[in-house]
Amino acid sequence: MAVKTHTVEVGYDEFCGALAAKDLQPLWTQSGKLMPKQPRPTTVPWLWKWDTIFALAERAGELITVKRGGDRRVLALANPGLDGQPYTSSTLWGAIQYLGPRESAPAHRHTPSAIRFVMQGEGVWTTVNGDSCEMRPGDLVLTPNWAWHDHHNEGDSPMVWFDGLDLPFVGMMEAVFFENHPDLRQPITDHNGSERRYGGRALRTRSIGGPLPHSPLLRYPWAETDRALAETLAAEGGPMVSLEYTNPLDGRPAIPTFSSEMHRLAPGGHTRPHRKVGSSVYVVHHGNGTTIVNGQRFDWSPGDIFVTPSWSIVEHQSAEQADLFSISDRPILQALHLYREAELEEPQEVIATFEPK
Amino acid sequence: MAVKTHTVEVGYDEFCGALAAKDLQPLWTQSGKLMPKQPRPTTVPWLWKWDTIFALAERAGELITVKRGGDRRVLALANPGLDGQPYTSSTLWGAIQYLGPRESAPAHRHTPSAIRFVMQGEGVWTTVNGDSCEMRPGDLVLTPNWAWHDHHNEGDSPMVWFDGLDLPFVGMMEAVFFENHPDLRQPITDHNGSERRYGGRALRTRSIGGPLPHSPLLRYPWAETDRALAETLAAEGGPMVSLEYTNPLDGRPAIPTFSSEMHRLAPGGHTRPHRKVGSSVYVVHHGNGTTIVNGQRFDWSPGDIFVTPSWSIVEHQSAEQADLFSISDRPILQALHLYREAELEEPQEVIATFEPK
Amino acid sequence: MAVKTHTVEVGYDEFCGALAAKDLQPLWTQSGKLMPKQPRPTTVPWLWKWDTIFALAERAGELITVKRGGDRRVLALANPGLDGQPYTSSTLWGAIQYLGPRESAPAHRHTPSAIRFVMQGEGVWTTVNGDSCEMRPGDLVLTPNWAWHDHHNEGDSPMVWFDGLDLPFVGMMEAVFFENHPDLRQPITDHNGSERRYGGRALRTRSIGGPLPHSPLLRYPWAETDRALAETLAAEGGPMVSLEYTNPLDGRPAIPTFSSEMHRLAPGGHTRPHRKVGSSVYVVHHGNGTTIVNGQRFDWSPGDIFVTPSWSIVEHQSAEQADLFSISDRPILQALHLYREAELEEPQEVIATFEPK
Amino acid sequence: MAVKTHTVEVGYDEFCGALAAKDLQPLWTQSGKLMPKQPRPTTVPWLWKWDTIFALAERAGELITVKRGGDRRVLALANPGLDGQPYTSSTLWGAIQYLGPRESAPAHRHTPSAIRFVMQGEGVWTTVNGDSCEMRPGDLVLTPNWAWHDHHNEGDSPMVWFDGLDLPFVGMMEAVFFENHPDLRQPITDHNGSERRYGGRALRTRSIGGPLPHSPLLRYPWAETDRALAETLAAEGGPMVSLEYTNPLDGRPAIPTFSSEMHRLAPGGHTRPHRKVGSSVYVVHHGNGTTIVNGQRFDWSPGDIFVTPSWSIVEHQSAEQADLFSISDRPILQALHLYREAELEEPQEVIATFEPK
């Protein structure tokens, strides 16, 4: 046996070299890493402070010109766990976009879908397939898969918004296409037209054809979201209510590849510990509070952005009423029967506090 | 041959008698009637005048008490083609319901679904599964399949509304169930709650479970419908725009067994001749105009109700802006791949004018 | 009060006359009939004996020529409850079709869909949209909505099959279209082609486009059904197993407007009392047994046909293994959220035995 | 201006450092890489020769023991473009599994789904959720998401099969769960039971509940696939026919996250150049031929395995009849509206020939 073992070991090393030479890899040496008992995300829980990102965005406003070829002034929130990639989680892109007074970001389109959640500023319009959509704080504006879009600041102050995209996912699927519009500005055919035609009612024109790949409604104004949050909280009670932005024609997520949601924590609310497959990126819209992720405490204020990885245990709490916008990859997981979630009985023990850079 | 023919004829009569005695019927004698080249509806085009039906409804208000056992004061629009049945078309029930000041129609539920389209009056509430829904002229209120419902007039004037039901269809399917509520009035748990929670936005609470058999939104107020008609007419142009009332959670018809629609004719509008499988019942909400059905002219004014049979050729026209509410059995036909429609090139020649009784 | 009552009564009679004169009907006098507590089908449970119908079919074979204009030699099973209509239930058409040696039934198409379940004979082919489908006892052949079809007996003996159609339903919907083919026989482009391409496997050609309104598989041979019944009975156990014929591309009913099913009773099997909304028509394929419907006993033998009305309580039993083919309107009811079913605890007491004519 | 430029440049470098220090990244420096005009896959076209992989698999059979903790003797086909990851494309895992006589691979389950396509050998059974499925050359056996599975060689010769998994995709979604069965072998409750109950017919037991996340049919025997290929080729003609393995209950892909397909090239067939978003891994089942990918020629023989990256231009050709099995990530792309494909007019010019290692 000893001899045989010896022989085997010698043979084994040679054998592994032979495999590598032929572009083959043994499973048995890495099955635990490839198939862990439960998700081992490389995404780490992280938080970016508004003061920091806003100051750098302002500085970018001085240094960087928005023009064709450098179409957007965007600071990507790069998760430290992702090995230098400019992604916020393994599937989601979160970033800050800054557009100065009288600036325009030129027209293009791409297969990754985007949402814009307005954080600060007035006077910006995003044109999506000819429809010029107003942007005000708390508004959500969609620029879906392959829709032409350009942004214009017609006011005197800068605007900052959060960009949420499925770019890491679409990139991994090797499905990214990109095209510049022949003109810097696409022609405008309507103003807030999608909202007038599809917003605010359960009535449908019969001229709509078959199922659309994304919502025909492109703008979800904050005033409506705010009212809906208040009514839902009144009806369902706390500690937190969650609303999902949907396609008004079929009730599905507004964007098929990621969800957009708005959460309202009641004053004094503390949610039960919850975990789910898939990551989320949160933008603090109103209020100060705390989120505990896998025992680590993240304190947040308006404008802060944080990320929760797949299968992490998450609790939100705040002494005052607070509103959190979020995106997540749940629609992909649900469409493919890979979604799981669980609620835990006991609150987590806080074992560390995150110190933002 | 002659002998054989003779023998056959004698045998044939005896044979038909033998068939009948055994509850059998020959197809070959009636195949043309059973399988016509195109639909031969028994429903006839017809129109009821508001003045007539309102006067009789008022008289009913004097004569008839609304109470358990005679739960509703309803005048059914009985199509003369349907052999004495109280149906407006072969699949649709249309009727006028009259509720006097301080009257209540007791709580019950049934598998036929109903919509209520308010024609005149103020101060009535319909409670549907605990949610008390306000009723004002032009509002649509749903009382879906197996939902508890009762009506209460808390004002000082009578209300008249149009009842649309799938009762002929559900009856034909032998699927009617009916139940009285233990109390004359069901408990009220909310006021216009469905509208607050599902109306006026494309946001969904995650607490909603699987697909619902009907819209969770129970009231569609006229102000919203009016605004949507105006915006759609501005965007799409005339001669007529049509909006369908939908389930905000999935974009399907608000009631699965029949559609509810609102049409706005632009001033001077004249629609192209159109035919479709299935019948429609129209209620004139605003405006004076004319509808031509199979060459017969129907002049209408506010409050008039008329019916168009399956595969009839229909054109609408009016000199002034006009609003027509309608119900139709199209969702059933579409779900079962039996729907067809066609547009004709040439306007119809008017060969007769309908004289209302 | 007495005076008032008197006045009312006089007024009421006049009032009812006034309503009728204006094509209006009061609901309050007939609401119990229109809205019964549970379905009150006009369809009555009934049974036709094979010996009787076969003898009359043979006689029809002598007396009636199959030709254009009298396209089919069909004896409809006319339910005595349906007021002289040639329908087996309020929604379903059941009939016997007889085709003599060397006869052909000319090509036509119609929007009502049909299934053919072969009861006796060999050598007949039904051409459906160019595909010539073999017919043998126990086979199911589809002639769906608007598919061209003609039948040809190329053998020396007659064939008898059961025709199941949705004609009463499609007629009620006023959606019947019918067209004769320009030729008595449509051109044949394939033999059992649908079966070769879609039968017997879970493999799909990518050249299939979107959803089809009916199964592309047109023939379901008895040998496969028999084997599936045996395997299912072995796997699930008795007293009875039921298989539904489906569209292999989407798993839905082979015909969207009615189900086709085959049931195998194990020897000594006795099913629990069951009721469902909607009617069924059964064809006895093998075995002798008994079905109890609302306390009435129906004894059956091969070739017998019987009908169970909506919401009737049904139990099947047989001492020997028995196979029952059936059609039902369940798909319509399920698509429209009108289906209900219930199982009863206690077997029914038999209070009468049906005496076939 | 020069001064300003200078200032900017100094400021810009400092600024970039400040961004990095705060876990932010500029988009404008990398937008071309992140958003290319069309997919730039890192996956490279590649081919592994059967002789090579089989010899190494045999050697692994001598060196490696299959046991709990090293559950499988698997050689992963590691695409040289993927930076050392053991993946065949960015979304697909392709591998060779070798099971010697009388060996067993212990029971476990995981959320990545797998298919097994048998390349060589007899006498192996894979137990999937209690159903013991026979494996013969050309058979496809599914071990879907979270299904218990173990493999047993009860014969005297080794078996080699191809493993196809969605592991790179599920890993990227951070959705991998894995669990060992308490026993090395799970209890066996049936043999080829799924095939008996769901294979070979369009009949469904009513006892099936709602939609399943994967096919209930677990084994697709080669004899059926071969017959279906022959019939489809006869019906549709060449140069190539493609069949997709489906879930017999709903016609969707057998596994929701990747397609399994079998292609038959007619003798002398040469397909038109085609490109699609998403990658494919091909296993040569029968025949010798050539595939041209982006101008590079890959010659193949039975047992060879090759990969085509996203948006690569692909043509297949062979002088003799040839059968290619493949998996692809198309179902994910289609579910999320990210799929595109195109056919090119002109055959590619061959500019290089791949030299296998």
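All chains are identified by letter, namely A, B, C and D, in their written order; residue positions are counted from 1 within each chain.
One rule holds in what follows: a residue touches a chain if its C-beta (ideal position, glycine included) is under 8 Å from a C-beta of that chain, and two chains touch if they have at least 3 such contacts.
Since the model is a prediction, treat every value here as computed from it, not as a measurement.
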Ordered by label, the neighbours common to chain B and chain C are none
So, in whole Å, the Cα centroid of chain A is separated from that of chain C by 54
So, in whole Å, the Cα centroid of chain A is separated from that of chain D by 29
Between the Cα centroids of chain C and chain D the separation in whole angstrom comes to 45
Where chain B touches two or more other chains at once, the residues are none
The chain pairs that touch are A-B, A-D, B-C, C-D
Touching chain C in the complex, chain D uses residues 190, 193, 196-207, 215, 217, 220, 224-225, 227-228, 231-232, 235-236, 241-251, 254, 261-262
Chain B residues touching chain C in their complex are 8, 11-12, 15, 18-19, 21-28, 30-31, 34-43, 46, 48, 52-53, 56, 59-60, 62-64, 70-80, 86, 90-91, 95, 110-112, 145, 167, 169-179, 213-214, 256-257, 277-279, 309-311, 329, 332-333, 335-340, 357
